[in-house]
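Quick one: the structure is below, questions incoming.
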Amino acid sequence: MDQIKIEKLFNLEGVTREPKFKNGWYQKDILSVNQFDKAGLSYIFTRAEEMAEMVEKVGACDLLKGYVQACVFYEPSTRTSSSFIGAMERLGGSTIPITQGIQYSSVSKGESLVDTMLTLEKYADIIVLRHPEIGSAAQAAKYASVPIINAGDGAGEHPTQALLDLYTIRKEFGRIDGLKVAMLGDLRNGRTVHSLTKLLENYDVSLRYVSPDTLRLPLNLMNELINKGIDVRETDRMEDIIKDVDVLYVTRIQKERFTDMALYEEVKNYFEITEEVLAHAKKDMIVMHPLPRVGEIHYKVDRDPRAAYFRQVRNGMFVRMALLASVLGEA
Amino acid sequence: MDQIKIEKLFNLEGVTREPKFKNGWYQKDILSVNQFDKAGLSYIFTRAEEMAEMVEKVGACDLLKGYVQACVFYEPSTRTSSSFIGAMERLGGSTIPITQGIQYSSVSKGESLVDTMLTLEKYADIIVLRHPEIGSAAQAAKYASVPIINAGDGAGEHPTQALLDLYTIRKEFGRIDGLKVAMLGDLRNGRTVHSLTKLLENYDVSLRYVSPDTLRLPLNLMNELINKGIDVRETDRMEDIIKDVDVLYVTRIQKERFTDMALYEEVKNYFEITEEVLAHAKKDMIVMHPLPRVGEIHYKVDRDPRAAYFRQVRNGMFVRMALLASVLGEA
Amino acid sequence: MDQIKIEKLFNLEGVTREPKFKNGWYQKDILSVNQFDKAGLSYIFTRAEEMAEMVEKVGACDLLKGYVQACVFYEPSTRTSSSFIGAMERLGGSTIPITQGIQYSSVSKGESLVDTMLTLEKYADIIVLRHPEIGSAAQAAKYASVPIINAGDGAGEHPTQALLDLYTIRKEFGRIDGLKVAMLGDLRNGRTVHSLTKLLENYDVSLRYVSPDTLRLPLNLMNELINKGIDVRETDRMEDIIKDVDVLYVTRIQKERFTDMALYEEVKNYFEITEEVLAHAKKDMIVMHPLPRVGEIHYKVDRDPRAAYFRQVRNGMFVRMALLASVLGEA
């Protein structure tokens, strides 16, 4: 091949991209809440607070300028994908948005998840993955050379949701220790409940679980709590707990997690959080929900200052900003 | 929680994000053409002219660097969503693109429009909304704390389309007063016709409406024009008006707005703009169309310098740039 | 219209956007491999090398800051669209992503490809087009005033794939002349095989084609090679060629290109590249594949250093960066 003489585009003499912070998260996959101990949580939450202050004051920064995130959602989730996209944009980075159609594309030609990961890691510095199958994020992480952030693997985990939940509790009360946290809804299938429970095991909290008998917290998780000596109770009546909880964490009864539709119909209207219900609650408690809701919290409750679920949404962006920046070595 | 000692990421001492211009549009929702009087239009159009000059000369700028727009399209519209995305990009800002799949996502889990807005406002500084139901944008604006731009609410309004239509007339002729504007097609259902009509009421124009008898301009709108003393005529024959109009605003007979398919079949080929038709028109008139077209303007007409409909498309980006920057306080 | 007095936004006195490099590709459409001779290839490949070095060292740059690319995919292709989006992002530019839904949008209202191009050129500086029909990219280029990059037009061409294929061979061996290249699979319908063949005609290579008898290289292409005096052979047995090839270019038997499903069933498992097969091959040969694969290369082969297909994916981004920057006059 003839060598042609052209002016060079870049002057890269001696230039490299080094991580600015040697935090414990640099280049780590974020797959499970089990990766987070108190120190790890503290690091991310401190960073999230800085992100919050930055966004409130100036909207955005250039911390991740030049970084590319691939958002790969095999099942669409507007809230989660938008949160990651917004997080990256407010850090000055950019996104390859594969948030709706991957099932119609490579997948329809029979490509495996692993091949898709091995492809996208060539374009992106980090991959955010939502996939309907348990273990998919771990499998992706096993093969991919860039960090994978698990944005939900079916009935498995959704660690960034649990992180933003815990961050919200910490932000609202200024502490986690000493609080009484109640979780409501489908405690058997609800991965947000399972993940938040695991994170709360790191703290000195009291836990209350409220559900119909058929949707109780899995036995192994309950035993884990008991073995750790955590103050925990189960009930099927909200009245038992509403008076003295600090955090009421409400979850949707998720139709899509049921195989037995008769069981779903039986429990779907099991409880509703209304103004009347909250009249019995403490003045400084908060109501949380991972959203979307489909009636389990009445709209009128939104006006109550104790309704924290949309503040929780905003916190999600800050926590994801902190994670992205930490994993990429820039925070 | 252990407090860890980490170097701060940002120096935000005394930093705030203030609007640079106290124009009348700062933080306003853009829902309806009724919000625009002559002074308001003039402000946006002056800004749009500056945007046009900037894009023609340098392509893009950093005016909205750090700002995030969510584009939420419950029904896809490539032209409109691309126009807003391009507008934001040329201003240095970024977009959360939810332009195709929202119906498969949160909506399929039963989430309401209001909850989606209350979520996206936590990530974005402004929300551009297309929704099939009349009043949806107003409802979104009622609840959202960030500005909503109505990008079409079903048979309701599509104000940015009307603004770009009027801006095009002004740009092509250097004025609006004194012009004779004819509108063709489905005048009963065409929201672009209704909206442009309302904007033109602010000016000293002559209006001509050409349609089959079953698709005439709604009575209340016609009465409004008459009561304002505007020179207005209706006809079902293009021949009556083609000779002396300055602007021929053609619209598609929109199949999707018909419930009676027999009626649609009857009128769908009511008129076609051909080179022969334009042979009768003035040399300095223009042909406009909100697009897409499906045959009502022949392709051969595209080569005629009077064909202004693709210039109109480009003007759309400039007008949306002006709106975004004004609403966000940066223009 | 009242003229209002407002502070100007931009100071554009004497400012213009000039191409920085008068390379042969400035403002050119990239439609076919036939546009590329040895000098043209050399230019792009030299630029691609610079892109590779820049990305490996610093991740991204601002070379195309302020430029907007529209990615319009009438049929989704995650790999190709992500590659272009990532390429633009690493150059500091931005994308209007229409990668999934255009068929549900303007097209469903009956809009033509040409009108879509005439619209998108008003928002974007360059259009990347994937469309299922042969000739669609050429038609788009005929009408659009901005450059079109053909990202696949059905059974037609996919020139950027062929460029990245050739670039990979050059990068892996440091040369192209003197190599023995074998292509496997559906040689009749495989556009990547046809395009790479045409590019290789510029070099002093030996070519081997391996396929079932029903899927042989088209006669006209074979005659072209013979007429050019290129050392070329056909076979239906991999054993005939595996021992002394330098490049084994494997392709999928593409179900979607078959009209006769019986024929597809007969040939779909025609060959598989396994560790055993590669045991017979040279130590410094490479295996390539345009991807996605559906079993024709076993996963275990991925660990073999001769497996070059994912390096090939990454090269794709570099080649597309080189093309985008060259066509836009910035490289």
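Letters are used for the chains, namely A, B and C, taken in the order the chains are written, and counting of residues starts over at 1 for each.
Operating definition for what follows: a contact is a pair of C-beta atoms (placed from the backbone, for glycine too) under 8 Å apart; a residue touches a chain by one contact, two chains touch by 3 or more.
Worth saying up front: this structure is predicted, and the values here are computed from it rather than measured.
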>> What rotation angle takes the CA atoms of chain A onto those of chain C? Round to the nearest 5 degrees.
In response: 120
> Copies chain B, chain C: same or different interface, half of numbers shared as the threshold?
Replying inline: different
> In whole angstrom, how far does the Cα centroid of chain B sit from the Cα centroid of chain C?
Replying inline: 37
> Considering chain C alone, which of its residues make contact with at least two other chains?
Replying inline: 94, 97, 100-101
> In the complex formed with chain A, which residues of chain C make contact?
Replying inline: 21, 23, 38-39, 41-43, 45-47, 50, 53-54, 57-61, 63, 76-79, 82-83, 85-87, 89-90, 92, 94, 97, 99-101, 170, 175-177, 252, 256, 291-295, 299, 302, 310, 313-314, 316-317, 325, 331
>> Going by the contact rule set out above, which residues of chain C touch chain B in the complex?
In response: 1-4, 6-10, 12, 15-17, 65-68, 70, 94, 96-98, 100-102, 104-106, 109-111, 114-116, 118-120, 122-125
